[in-house]
Amino acid sequence: MGLRRTFHRRVEAWIARRLPVSDSVTLNQSRIFILPSRQGMVLLLVAFVVLLLAINFESSLNYALGFWLVAMIWAAVHFTYRNLSGLTLKADRASLVQAGEAAEYHLKLDSDVDRYRGPLELIHDDWGLVTAVMDGEETDVSLSRETDRRGRHPLPRFRLESRYPFGLVVAWSHVELDLSAWAYPEPIDQDAHHQAGSDAGDATDDHFIHSGSEDFHALREYQAGDAMHRIHWPSFARDQLMVKAFVDYQAADEWLDWANYPSLMGEQRLAALSWQINQCLADDRPFGLRLPDREIPPGKGPAHTEQCRRALAEFGER
Amino acid sequence: MHDLATVTHHLQKRVRQVISGKDEAVRLAWIALLCDGHLLLEDLPGVGKTSLAQTLGRLLSMEYQRIQFTSDLLPADILGAQIYSRDKGRFDFHPGPIFTQLLLADELNRATPKAQSALLEAMEERQVTIDGEARTLPAPFYVIATQNPQSQSGTYPLPESQLDRFFLRISLGYPDVNSEKSLLKGELGRTHLLDLKPMLSAEQLAFYKQQIADVKASEAVLDYVMRLVHKTRDPQVCRLGLSPRGALALMTASRAMALTEGRNYVMPDDVQAVFPAVAGHRIQGQRSLDSEVLVRQVLDDVDVIAA
Amino acid sequence: MNHYVPPMQRALMLPTLKVLMLVQWVVVLPFLRYLPVWLGGVLALVMVWRWRVMHGDMRPAPLWLKVVSVSVGVAGLFASGLTSYTLDSAVALCLLGYLLKSLEVLRRRDAIFQIYLGFFLTGVYLLYHYSPLGALTAIAMLLANTLALHAVTADRSFEWRRGLKYSLGLLGSAIPIMVIGFLFFPRLPPLWTIPNDQRGAKTGMTDELTPGNVANLARDNSPAFRVRFDGERPPRSQWYWRGSTLGAFDGQSWRAFYNEQNRRQWPRGRLPEPTGVGDRYDYTVIIEASQQHWLYFLDWPTSVQADNARILPDGRAARQESLNQAYRYRASSSTRVDWSGENALDWYRALPNSGNDRLRAWARQRYDAVGGDETAFVDAVLDTIRSEPFFYTLQPPLYQGNNSISDFWFGDRRGFCSHYASALGFMARAVGIPSRLVGGYLGGVYNPNGDFVQVRQMEAHVWVELWLNDRWVRVDPTAAVAPNRVELNLDDWLGEENPSELPMGSRVRRGLSMFNQAGLWWDSMQYQWQVLVLNYQDDSAMGLVESHLGRINPWQAAGFMAAFLVVLGVIMAWLTGLLRLPRRLPEPWASLRRLEKRLGEREPGETVRHYTRRKAQEYPDQAEALMSVTTLIENMAYNQDQHSKKSTETRLRHLVQPIKKT
């Protein structure tokens, strides 16, 4: 058993060495393995029986038929090899999901030649079998896989296989792409008393003011280097050189803060923050996220939500 | 006219009157100028960065300006601005120090990103836009920027995309014992700068520049360069690999290197000589490796000759 | 979540099932002629079942249906008389299995089984049909099964056009390897024999001749054999093709001394070959499969070069195995043979004690009338045939019983070659002259396209040999009754004398000369087919193999096969890049590699210059040589202006030569 495991590890190490990880893989002869399938071996047996017919009944044409069958297996190697050869798999994107849901990995299959490659089978225990039919130069595949915990879920090394067009030989490659899906924590409603202070009482109507470019705010003295288009010409007429100053406004926001849950363990805090995000979304309130290593200023909208959730997913993993 | 190898030799000799013991750095700086590229000098204060820039400017008879970057530097301080002239009652354009042939941007990383990017954009486009009006910079236009090591406090590190615009990055390092001794004796230094006579005219420089394109690069060398470039793109080695622009710079610099060695064909030795300067600031290791170590590792791992 | 189903266990899709059904038809149709009619019923049952499956009833056939159909099928085979262990019954069983198997074709594995059986049946079909048309049919079967294989693999993405393209592509690209295998694989002797191997009926002359059965042959237009002469052809009147010698007479029929039944008692060992004393002819014969043992020769054979064949003492040649394939051999004949070794004359005088008594008495009387002169007696008998109203016809009345020859001679006097030959042979024995009948062919058609003589079954003929003046003399009584028959082929002769007796095919062919031309062309093509394909024997390769290994046994055959596959596999591995052959390095890298071997490895990141500089420090007395080598290598590798490359390479090698560790 130990010996076998050692052997297995050796093989894995060899494969890993031979096929390093990157976000795009082009299959070439150093990556494609090809062997006659069991079906092909049986055809070889049939060819052998036909040759026996030829020998035993002195049937010349059966020699031809027998060797034809053998040569067919041989020729099928090229047909099947062509299916994988020159194929490029690119990591496209992977989804951000709640822990426990299925994450999706999107791959792009790319080829420099416009060739029908038959059904390509992407095989892994986690998703069983996904078939991609490649007719032309590009196609998309998505693989889905259950996430069991918060954090990073790299796309596992899977087997890409083709038996097309005759099933006599099987060509395969082990593909590992640098592509990870992320799972943010499953939201859990933590009791209010876990919170160190209530945000609700602190909410103010104050406006955050940044100097910016959205709204006119006031006039100020000209300084060398101010842009010409900002000069306030009416005051110029009064022989004053004034410049328009602008500001951006922002509403008062809620901060979802890691520090608000001192009594909880790490993962639970994240789950609580995840729940808080959901609450804010439900009320359509803007929110910011504060984690020990990261701070996301308050905001709204799907991109912001995703950024926050992603921060929760990535916490401690990067 | 002398060939480039001789010229290089003379140039090094002359520079030695001001800064000694830095022949290789001088050669690389010279190569950057030959290739129309900007130079980034990364080193501690006081090792002769400014002297080097000034010397080069003088030897090549180029107009020279210097900007000391500070955290309160505004873009207008670099580019210039329309300034209201009260006597004339109109706006006049006051060109900034950038309107020169050789610009020394001292301690570039002390300035805010806004000021940095004003310079970097000018470097790339060789023109500046002020209040909607495009103004062309003089030709040739070179920037020699100096940068303090990233670890020093009060610095804004240059973004990766900006770093790519510098053709070469070199560091001078402390002078060796003899050079420093001569410096202390007063045999060296900026005082001698005024004694230097211009060596090359703009036309002569242009003549040498155009030779670079004719330097041959055999398949074997191109393959080697490609192997190097690919190695830097290997995610297990580098987080950020050499961009195509970087690869092109590597090849151009190698060509120039070959010329300064008096050859009209490139050898892997040339590539190796310029690689640290070309790649050092463009690639980043997967672990926080010192870029010099990373570059050395890449050079050691990639076989010079195809297996 | 899709669970991974191994390919062999995947269920078949509707388009695939349709293809499989079609392919089943393609495979079974060519066999239909040979099968008992009720197998058609099985086919119908299977098709109905398939129809149900294709229309959604994807259930395996219930057990009872399988049991019933298998037992009914096997019973049917027995009922049709296919009881013994013969090829025919094996084929019928195989077909039954092929049909019944499709009752349960639901998954890919079953489909593959059906297809592979289809490949095997294609091979079986070729045992029966080896003409160009048969080969074409087999190719169609092969293509159909390949298409089915593709359909099974392509599954739901199957398309007819693409499938056909792939299948033709596969078959086409396999042809070169197939041809190589066909040409170079040694032809091995049979590993075992199947008793009563009867593919098709026996044709040609038989071991046994009862007057009357030759007439059937006369209606058969198919070729019996083809002959190509090395030099000049003998005159047309000499085209007597000798087959079996029938020396034993039991009162009704003539039999060969050496026949199928007493094969084990045939003379063994090396038999002396007859010595030719007349004009010699060398020729090559390709004989169609006759399921018999003997080979045909121009009268009289002197030597034969064929596997396991010999010339028996009664002047005919036979092969140990029966001819179940078209077979080619070389032989030589002579117009006259030295018969001094004949020692069985008494056998040729033997007659039953009774029967045909009237003819016996008539012969005795004639013999006495010419004063016991044997030659004169034969002339007298032939004269009788000429002068009396004897008729040559292919539709004689039936003469039966112990006095059948007598009935013919004194009764209707209508008959053909075997009747006349039988009568003459009988009369000769009655007066004590040793006699025997020879079955063979007379005449043939010369085909100028292919330069060969084609002899058809309808040219079958029987004549007599009599022992006169201490040698066997050929006497053909047919020449007496129908003198032109010797010069003309049977259909030509009939066309002139008695067109109504012509077989149908000949009548059509005679009517249209265009057909005649096309016929000649077709014959010629078949001849080439037989020469090039059916009887391909790589004599030299075989000779080489046999001279090294002696006779080939099955193990060696398997060894050959394995070796062939290994060679193919290695080529395949090389082409797909699994196997890399060591490449010869070009200069200057080869010289650099040599240096490295002698002085130590170069680090990967080291340039040539760094390397040689390092080595020059290690071995200072080589420094100078190393420096010049370096310059040269760098120049060659990186400065492409190098003219006279060859001389530079030589110079480099010379420079590298003396560098050693010191």
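For clarity, chains are labelled A, B and C in written order, and residue numbers in each chain start from 1.
The rule is short, and it goes like this: a residue touches a chain if its C-beta (ideal position, glycine included) is under 8 Å from a C-beta of that chain, and two chains touch if they have at least 3 such contacts.
Chains and their UniProt names: B = MoxR-like ATPase; C = Protein-glutamine gamma-glutamyltransferase.
Every value quoted in this text rests on a predicted model; they were computed, and no experiment measured them.
Student: Can you check which chain pair, A-C or B-C, has more C-beta pairs in contact?
Tutor: Ranking A-C and B-C by C-beta contacts puts A-C first.
Student: Among all chains, which one's averaged Cα position is nearest the averaged Cα position of every protein chain shown?
Tutor: Smallest offset from the overall C-alpha mean is found for A.
Student: Return the distance between the CA-based centres of subunit A and subunit B (MoxR-like ATPase), expressed in whole Å.
Tutor: Taking the mean C-alpha position of each chain, the two centres sit 39 Å apart.
Student: From the mean C-alpha coordinate of subunit A to that of subunit C, what's the distance rounded to whole Å?
Tutor: 64
Student: Just give me the whole-number Å value for how far the CA centre of subunit B (MoxR-like ATPase) lies from that of subunit C.
Tutor: That gives a centre separation of 85 Å.
Student: Provide the residue numbers of subunit A that touch subunit B (MoxR-like ATPase) in the complex, in ascending order.
Tutor: My answer: residues 20-23, 178, 222, 224-225, 227-229, 241.
Student: Mind listing the subunit C positions that touch subunit A in their complex?
Tutor: Where subunit C meets subunit A, its residues are 1-5, 7-8, 87, 112, 116, 119-120, 122-124, 126-127, 130, 134-135, 138, 142, 146, 149-150, 152-155, 157, 162-163, 166, 169-171, 173-178, 180-182, 185, 187-194, 197, 321, 324-325, 533-536, 557, 561, 564-565, 568, 572, 575-578.
Student: In their shared complex, at which residues does subunit B (MoxR-like ATPase) touch subunit A?
Tutor: Residue list for subunit B (MoxR-like ATPase) touching subunit A: 74-77, 81-84, 91, 131, 234-236.
Student: Which bits of subunit A are touching subunit C when the two form their complex?
Tutor: Counting only subunit A, the residues touching subunit C are 28-30, 32-34, 37-39, 42-44, 46, 48-72, 74-79, 81, 116, 118-119, 123, 125, 127-130, 133, 163-168.
Student: Inside the complex, what are the residues of subunit C that reach subunit B (MoxR-like ATPase)?
Tutor: Residue list for subunit C touching subunit B (MoxR-like ATPase): 589, 592, 602-610, 634, 637-641.
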